[in-house]
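Some structures to go through are shown next.
Shared chain: chain A. Partners: chain B in the first complex, chain C in the second.
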Partner chain A sequence: MSLVAKTKTPRRVGFAPFALLVPGTAVLAVVVGWPLIQLLIQSFQEYGRAQVFGAPAPFIGLGNYVEVLTDQKFWNVLGRSVLFCLVCVVVTIVLGTLVALLMQRLNKFFRTLVSIGLLLAWAMPPLSATFVWGWVFDTQYGIANYLITQVSGVDFMGHSWLISALGFFFVAGIVVVWGAVPFVAFTVYAGLTQVPDEVIEAAQLDGAGAVARFRLIVLPYLRSIFLVLIVLSVIWDLRVFAQIKALQTIGGSVADTSTIGVYIYETSLANGEYGTGGAIAVILVLILMAVSFVYIRQSLKEDEA
Partner chain B sequence: MTAVVSTPTRPDSASPSAPKSAPPSGRATTAAGGRVARRRRIRPSSIVLSAVAVIVFVLSVFPVYWMVNSSFLPNNLVRGSVPHFFPDEFTLRNYALVLFGDTRTPFLPALLNSIGTTVITVGVALVFAFLAALAVTRFRFRGRRSFVIAILVVQMIPGEAMIISTYRLLEGWNLLNSIIGLSLVYVATVLPFTIWTLRGFVNGVPAELEEAAMIDGCSRTGAFWRITFPLLAPGLIATGVFGFIQAWNEFVFALVVMSDDSAHTLPVWLRTFVQANTTTNWAAIMAGSTLVAIPVVVFFLIVQGRMTSGLVSGAVKG
Partner chain C sequence: MRKFSIVAATALVAAAGLVLSGCAAGGSGGSDKAEIRVWLNGTDTPKEAREYLVKTFEKQNPGSTLKIEEQSWTGLVDKLTTSLSGSDSPDVVEVGNTQSPAFTSVGAFMDLTDKKDELGGDDLLPGFVEAGSYDGKFYAAPYYSGARLVFYRKDMFAAAGLEAPKTLDEYVADGEKLASANAGVSGIYAPGKDWYNALPYIWENGGEIATEKGGKWTSQFSSAESVAGIEQLQQVYEKASLAPKDGDETNPQVPYCANQVAQLSAPSWVKWSILAAADSDTPGCPDQEANLGVFALPGKDGGAAHVFAGGSNIAISNKSAHKDLAYDALKIMLSDDYQTILGKNGLVPAKQSLASTLGTDEVAKATAEAAANAKLTPASPKWADVESSQLLQDFFSAVAQGGDVKSLATELDKKIDDILNK
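The block that comes next holds the complex of A and B.
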């Protein structure tokens, strides 16, 4: 193995780096690259159940895309996904930042306490978390209905949360936000420790209040952290699948509560419309790639450093 | 130095080592005259903050606690009109039911499938990613930057979009309902992040260290194994645990690719189990959820700090 990293001249590199890259590249090419090409091709084909059983798949140009984009159901699903994603991202970022600011002001004992709580929430597998929250919001025996009834006096016993789309997404939002706040809180907290004390103190001497200090000093320091956090959250929440699918197992109508990931699954596997499902999948990939651009550019900065 | 190994942004949350920034509100205990007055003013608000901290803690922990609590209670109590906040009638029956009870949705085969898939995924991904990380850190070659960009792009391709074409790929190779097939998919899923993170760790070990060992008489391979590799151990553990958690939790592909009852992994098993019990036995569902969660929680706590810094290291530096 030749070690030429720190010397600038790329001398005698030979085949070594390429040989090292072969296994990883091969796996990615076969398991990601090839299916991606297949997906693209399939999205331009008439591909239904007949084709699965060997009938030829004729090319129909943009037929699938036209069908998807003129289908009101698709726009409902997309709008629902985007709205759900945006609400979750905003709530997650705001709550996460508040928790981070809180942690900064706590003494060691309470900060450790909060950290332990956040870590446990963060570590819960999404599927387990979804079923626990589903149980908390259970119609008959859920603790949520019990506590609401006890505290507010309004009778919530027997209230079904999952039956209406709004209630369903309320619970789904809690599952997603509860699982996502810790990552945001820890990251923002880490960023806060990097804001120099001198600057904060100087601002304090100049009479800046807490809000002004946060807005004028902390926020600019954390700008790129927030940027990446928001982009990652948007991507994760737009792709949300396991939580929605799992909640649908407990209750809720699939037609009214599917997000785009689940919709692709339903269209392709449940209805056997693989061509249409492919077109939706390509559209999802394009949307996510556009959103990811910011993240990728930011990550590359680090690679150059 | 790398942003991953020793970045000050690593949230040392389990043991907060007194971050250098004293809170701006100045709770500092320096008895300098000017501060004392402010300190007295801050007292009531610090009580409020502690109270808020307790609320945050309770909200974070409650679902986890509720899951464990319900799993240790008899089902008829769980379905009582008044909730039991403590497992006062402690029982292990729910766990017995999950582990050995219902023959239609057996837990143990799913556990074995999950373990098999996870072990293969972590092992293969670590080796492949390590080689690739060496290539992009220790060498400057044509196409290096393109490879790094490709890794980042691939990481962002949503698996949900690829389920059908992946299904057909594995079908063509007779790898449906097979641990090998699923592991292959998982390796590809975790590889980009693993390469990216390991790259940071390898960068953190200066090549000069190896060169110094070689001057002292080590062979090139010897220098690598004795000097560099031990220094990379924390990185390999962190990324390995990341792969473990991903493979253990993954749901979309497992649902589609492992559709046979005997091929279920734990997340798919859990969903089937819930479908079979949702109206009748929440206590057992909570026991199942707990069993699925335990390994992840344990491993997660081992490496929590490093996962954050890997994902946002670019942002912190930028």
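The block that comes next holds the complex of A and C.
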């Protein structure tokens, strides 16, 4: 009797959560899953502009993958993307955390002011933000050149910020970090309110300085929050598209500044090679899934705890 | 057998019904009431023509409406590929003449072969008919052509004691002179990514973009003639131009109106951007009208130079749900009245018989001269891919930054060969 009850109870409890998952899963399957399957199929086909307009698409096995992986340009683009992503993530997390710590110490008025500023930056679509920053750093009429010339006396008029790859990614980094800091700041600020005051006070009495308190007490408390923030930031920054693509229309060399997201777009849409572009996209999906795996494993661990 | 005849009979009845309903609708064809979406690129098509198109279409097709959706020239090939193949395709699209083969060769456009005579036949600009045809069929009608002209500041020319140059070398020398005489002014405004205006230097020095032999394309940027031309252009970038080395050709009226440009090579319709009223969306400097001179870019040995024959074709999407209505719109755009409006606004009309509508002023004269000697990009369906991969922008931008022409050109040729012979 007791055995029957034991096997039945979990099944009854188990049904409701699954039923609740159905609508979300259905939407995801249609909106994300189906295109993903199509992408996967396409990556094994010869799929060009002619196929887009109805010509038959022959399967060519791993041909697209071989072409991508033996192309030095792909590795250049991937390396550039990873490097750009890492720098952006580090700067974003550090700045976001500093802003959060600042907000903790501000009085109500200034905290609201900072929050509004962060919200506005967060609400701005990446495309608009990129063009505004592009104007700031404009070669002929940008305010950056004007201010630097006025303040330092060094003639920066007509200086092109985007023409070298390094300068391009400096500006692109500003746009990306500027847009990403608010989310990190808000999340860390929320996390900071969870750190018990007594523990901090105790540490203070024991003579721990601000840096030590942050490193030894706050950081361990917020460990899981930071992990999730880092994983999400890596995913966002690795597949960055709009900011780079838009900045390329303002200046700079396309070949030297494309990141993986832009490269997929160029290969697929601009050059009409959907098969090859699909293969690159699948490779990116695999990389992002590997990164997400860390995130999911962490979430599961938290559930257990 | 019996089953077959029923199907056949049904088909006959349906076909008859279609024919009858076609008759009932009269000359204009479609009887549906619908909204037709027309994609026009950039601000090239003047406002007057747009208004005429909407008004005339809606008068001819009571109950139907026509919506013009303005697209950006940048990234147009990408955008057309996605939208023309989708279920939400626009009905009528303008496409750059050099981009047209990318779409006519894959069946993206409706076949207009049997409508060609009605649209103008042999009167249509031949180079553009060729750009819009594939495999003997006619898909995209000529829309307009625009020659590139040189606009200049009469006051700066007078101060330097210059007159309109007679040869390309003189033009370059004038540019350098004007730049050194006027601090902060480009003698020739030459942004690095403007490859359209870079081509005449190659052509005038005897070079080509790419040549075809037995179906195989060979890119020609590293030929001795092309390199000589590109080196002349590099001299312009270094000594005559203050334009951004990674800037492009959009909105040249901004530096022009800021008094930072002495000579500007640009499409003929840029005159109206320069003279646009101060309260328009993209204001110009209408007070400069008397000071604005114009000439056709001179060639190496005098006469007009080979300049890039820019312009557009217009086509109906194969996915259009209202092809009859779309064709009505296209017919209006190729009508004499509509094309006359284009001509009056400095665009070369799609019909040769309307060339006189350009008028007789300086711009018209220069346009006619330049158009007579204009050249096209290689007639390969893959050429659009070369354009959209932005190889040319990167190349000329690197040249503008003082890179070694010969080695950059050799590298570029390899990349273009790869694309054209794929």
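Throughout what follows, the second predicted complex is superposed on the first by the 258 of 305 C-alpha atoms of A that agree within 3 Å, B and C clash if a C-alpha of one lies under 4 Å from a C-alpha of the other, contacts with A are read in each partner's own complex, and residues count from 1 in each chain.
We take it that contacts are C-beta pairs under 8 Å (C-beta built on N, C-alpha and C of every residue); 3 or more make two chains touch, one makes a residue touch a chain.
What you see is a predicted model, and the numbers here were worked out from it, not measured in a lab.
Within the superposed three-chain model, A:158 lies in touch with chain C and out of touch with chain B [touch as defined at top]. Of the two partner chains, chain C is the only one that A:272 touches; chain B does not reach it.
By the touch criterion defined above, A:49 lies against chain C but remains apart from chain B after alignment on the C-alpha atoms of chain A.
Judged by the touch definition given at the top, the superposed model places A:115 against chain B, while chain C stays out of reach. Of the two partner chains placed around the shared chain by superposition, chain B is the only one that A:135 touches, whereas chain C remains out of contact. Look at A:249: by the touch rule set out above, it reaches both chain B and chain C.
When the two structures are aligned on the shared chain, A:225 is found in touch with chain B, with no touch to chain C. In the superposition on chain A, contact of A:186 is made with chain B only, not with chain C. Contacts of chain A with chain B, set against its contacts with chain C after fitting on chain A, overlap at residues 140-141, 249, 265, 269. Looking at the complex, you find that chain C touches chain A at residues 74-75, 77-78, 81-82, 84-85, 102, 105-108, 242, 244-248, 254-255, 260, 318, 385, 388-391, 393-394, 397-398, 401, 419. Residue ranges of chain B in contact with chain A, taken from their complex: 3, 8-11, 13-16, 18-27, 46, 49-50, 52-54, 56-61, 63-64, 66-67, 70, 78-80, 82-83, 124, 127-129, 131-132, 134-141, 144-145, 147-150, 152-154, 156-158, 160-166, 168-169, 184-185, 187-188, 191-192, 195-196, 199, 206-208, 210-211, 220-221, 224, 248-249, 251-252, 255-256, 267, 270-271, 274-275, 278, 282, 285-286, 289-290, 292-293, 296-297, 300-301, 304, 308-309, 311-318. Those residues of chain A that touch chain C in the complex are listed here as 49-50, 52-55, 139-141, 158, 160, 162-163, 249, 251-256, 265-266, 269-272. Touching chain B in their complex are the following residues of chain A: 1-6, 8, 10, 13, 16-18, 20-21, 23-25, 27-28, 30-32, 34-36, 38-39, 42, 99, 102-108, 110-129, 131-133, 135-136, 138, 140-141, 143, 146, 178, 182-183, 186-187, 189-197, 200-201, 204, 210, 213, 224-225, 227-229, 232, 235, 239, 241-242, 245-246, 249-250, 260-261, 264-265, 268-269, 274, 277-278, 281-282, 284-285, 288-289, 292, 295-296, 298-303, 305.
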